[in-house]
Amino acid sequence: MAQVAFIGLGNMGGPMAINLVKAGHQVKAFDLSLDALAVVKAEGADVAVSASDAVEGADFIISMLPASKHVLGLYLGEQGIAGSISKQALVIDCSTIDADSARTLGAGLAAQGIAFIDAPVSGGVGGAKAGTLTFIVGGDEAHFHRAKEVLQGMGKNTFHAGAIGAGQVAKICNNMLLSVLMVATSESLQMGIDNGLDPKVLSDIMLKSSGRNWTLELYNPCPGVLENVPSSNDYQGGFMVDLMAKDLGLALEAATQSQSSTPMGALARNLYVAHQRSGHGKLDFSSIFKSFERKA
Amino acid sequence: MAQVAFIGLGNMGGPMAINLVKAGHQVKAFDLSLDALAVVKAEGADVAVSASDAVEGADFIISMLPASKHVLGLYLGEQGIAGSISKQALVIDCSTIDADSARTLGAGLAAQGIAFIDAPVSGGVGGAKAGTLTFIVGGDEAHFHRAKEVLQGMGKNTFHAGAIGAGQVAKICNNMLLSVLMVATSESLQMGIDNGLDPKVLSDIMLKSSGRNWTLELYNPCPGVLENVPSSNDYQGGFMVDLMAKDLGLALEAATQSQSSTPMGALARNLYVAHQRSGHGKLDFSSIFKSFERKA
Amino acid sequence: MAQVAFIGLGNMGGPMAINLVKAGHQVKAFDLSLDALAVVKAEGADVAVSASDAVEGADFIISMLPASKHVLGLYLGEQGIAGSISKQALVIDCSTIDADSARTLGAGLAAQGIAFIDAPVSGGVGGAKAGTLTFIVGGDEAHFHRAKEVLQGMGKNTFHAGAIGAGQVAKICNNMLLSVLMVATSESLQMGIDNGLDPKVLSDIMLKSSGRNWTLELYNPCPGVLENVPSSNDYQGGFMVDLMAKDLGLALEAATQSQSSTPMGALARNLYVAHQRSGHGKLDFSSIFKSFERKA
Amino acid sequence: MAQVAFIGLGNMGGPMAINLVKAGHQVKAFDLSLDALAVVKAEGADVAVSASDAVEGADFIISMLPASKHVLGLYLGEQGIAGSISKQALVIDCSTIDADSARTLGAGLAAQGIAFIDAPVSGGVGGAKAGTLTFIVGGDEAHFHRAKEVLQGMGKNTFHAGAIGAGQVAKICNNMLLSVLMVATSESLQMGIDNGLDPKVLSDIMLKSSGRNWTLELYNPCPGVLENVPSSNDYQGGFMVDLMAKDLGLALEAATQSQSSTPMGALARNLYVAHQRSGHGKLDFSSIFKSFERKA
């Protein structure tokens, strides 16, 4: 069992830290929110008085923060904690940030002799709570294998995508593709409905045909086709439009830097942003289906 | 065993007729091409001297023709064969045409007391030869069940999509969605490559994540990731860009008539047409991957 | 002065017929609506009891109808009026229909020895009333020049686009381009606003730069930038979203038939249809600007 | 007449510096390229041995550099020249960079008591040589007016877009819109050609209709319609695809940061990047027309 520092106890980080405790690890957690600290303390985590305090003596440092500025600030900022981290520790950043920032962080930590992997997750809040997240890892193969000891306490699948930053790249490639699957599945189902088809029958046909995809199978955006998905619950829960819009922003920044042409991803991004601006940012991302319905 | 008239012995129709013979049906075939007739005769089909001759006494009439004008002309044109068809027969049109034409045909045949279903297929030439086609049927439930006697000789799956025309609608909904899956998978893989990822590793990760879809799993457009797919064979074989462009044209006509918004399908159609115009019409439709590569 | 039959007295046709009267022509009008007939009668037009009655002895027959089925039915249908038209007359169809239907009509009339041009208009209801329409003509050069005698009574500009059908093609090329100008101008202005710019200042700068276009100059979609445009009047009046969606449907049908790639026009069509489906079909087409605003 | 330091003598900066000399200003120029220095020296500029040397005693400092990293490095980097600039001087950065960097630069200079405006240009190399550039300025109104003394020596129009950074925002809004105008004009002309129209006739019609725009009027992308434009010269000269792709990258970064929906601009960016990747980066941006032609 490992000594783990966990920094960032939000909707995702909180349940992840708790699952580490349940898996038998010794977790010392930190967050600026006392409420968030109280929750994990009640589940058996130790509570640190600062980020530096949390990392003291830890084998693994796991961070789960909103954006790259928070991550870079935490480790490399003026009051950054890099100096407090043991040279034997492995830093695992699970935040979703741009690959360049991940590489900057890896280089900054390497300069101080500290090992690092980026390990963004997919699976959402539900996966965080259930301990079924997928971790997509960038970094040395050896560090990837070492990290499994703790990642397995929080998730079901771990993938090694390549060098540092590759975890972030693979995640945004996946999420960009996912966004297109969702929009295209929505418009296809609605076109079927507009031409007199039953969306459940059409879904069943396409699931056994070449239109099969993850959203059609597990996350059908048309209300009533599947039970227990956000579309059948007024698009509550799930993966918010706001978060999809954020991920698509990261994807398009990557495409700009690598001068890649991603017309479908770009269109999906713009449709999602328009949907967000119309006031649907807090709904599940399958709610894009509503933008294709006839309201008048 | 049934008496079947088969009209239209092209790349698809020829193998389908032969599979019907192999399944034990008595097949009387017709095509304007003597060569095509010779091929099916060699496999045991009877050869008719005209379309009218073919349908005489048949329990089932199956047609597989290039476009709606051929289908409407065959049955309802000035020298149309509707008058030669038995009132007990079931007409099964397997051509891919627009739903309106299918409905026009159904109404025209009904006026003469003849039963009809539209039954477009998916699965391509490979599926036609292997007898593994999928049939997507529009028409009465009773006719759908009756048709299975012959459809099962040519395919693996049969779906009932709804009333007459619904088979065509479901097929183009599926193929429109498929086209988007292919383009989006291509651009996502290329963006990963541009950012240093191995396309095989990225494919494996996305297959176990929310980007999973039919094209990624069975038809990967990036050369070398999967064996035995067109992308690993210089994009030869498979489903031609020309045919995908045709199907997307049908899809967008349907969307125009039903006033549906299908931004992804429309973008895919325009990218495929540009690809076709660049001289790639005879390549497999996964060759759209090439349009995202860096050539300079 | 000419003897003119005018068939179809809707929002466009009514004012056009009245302008012909004012220009000194002898106009005999027909419409299925008695109210519409009463309006033009009060302005000095003769009223016919049927379409056949209207065309009797006319030098020019002008039709302005909603869609190709009405136009084809009027002239070539079972009770079509072609037989009542003088062989010396020129038929001028001002309806916006697809080019194929215009060619079918031209061929049908030619078979009966009657001359024909297609002459769709741009300029909207305002232009119809003010007599400032633009006519885009397809047909023989000689017929084009002959038609000017009456077209000049209803409009300001007349263009000869090419052979029969070319008027329709040129009109939809123009309107497809117009739709893209409007959407792109809207999103650019909104992006400026989102980044702190004054839309009037930004409009002034782009008007003197390479972003200059008809919509920015004469039809600014951002409320308050220009006076006397629909955007400054709650998007009332002008050219309705429903009509733009119809024209874009015609444009995409033409693109499908000619296998042209029109990604921008296709995207505009889909954004307009989504806007229409959201209940904005009766607003002016510059209201697409609203779809880019932040409402939440 | 003013004492002007000019830093960055590339394709744009070189001719701009020379025009300042011709306008009677005392210009002290610097560039890392001795060749570039020799050219402006031959035209009467003084040559500095370093950037710091150039700015000594200058009333105006003008910089024209490739990207934000060069601009920020020049003024605020470790060997930045901010310390060498007179407190009475006005810094005018004419580079095209992102607005955030412009604001960072303005704040950094303000901290040292130095006035700053961003003044990106439009008009290309041709405009730089002819002295007909347009300057789009962000910064204090007073500084804008003061800058005119030198800007008028290099251009024809100067616009005040708003606060610091606004010049950059207005420029990318304009160029994003321009890119869409070019693509949409290209596809509309090609659709007309595909349907039998003469592109010159169609251009003339649309120029007098609602499709009128800057590209159609002054920069027609179809070879042979206009003389003396890149399309009639094998797409040589003009504004390179590479540069349009760069500007569109900046536009989409701005859209990402302001969470704006810009579907048309995003589509144009992706079509331009695909065109660039196909090996057309050095052609004029009107060469996107070629991507719509039928080659097979």
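Order as written gives the chain letters A, B, C and D; numbering starts at 1 within each chain.
In this text, a contact is a pair of C-beta atoms (placed from the backbone, for glycine too) under 8 Å apart; a residue touches a chain by one contact, two chains touch by 3 or more.
Just so you know, these numbers come straight off a predicted model, no measurement behind them.
The set of chains in contact with subunit A as well as subunit B comprises C, D. Of the two chain pairs examined here, A-C and B-C, the one linked by more C-beta pairs in contact is B-C.
Rounded to whole angstrom units, the spacing between the C-alpha centres of subunit B and subunit C is 39.
With each centre defined as the average position of its C-alpha atoms, the distance from subunit A to subunit C rounds to 51 Å. Multi-chain contact residues of subunit C (touching two or more other chains): 259-263, 267, 271, 274, 276-277, 291-292, 294.
Shown here, the protein chains touch in all possible pairs. Of all residues in subunit B, those touching subunit A in their complex are 99, 122, 134, 136, 157, 159-163, 165-166, 169-170, 173-178, 180-181, 183-185, 187-192, 194-198, 201-202, 204-206, 208-215, 219, 251, 254-255, 258-265, 267-268, 271, 291-292, 294. On subunit B, the positions that touch subunit C within their shared complex are 245, 249, 252-253, 256, 259-263, 266-267, 269-271, 273-274, 276-277.
Residues 263, 267, 274, 276-281, 291-296 of subunit A are the ones that touch subunit C when the two sit in their complex.
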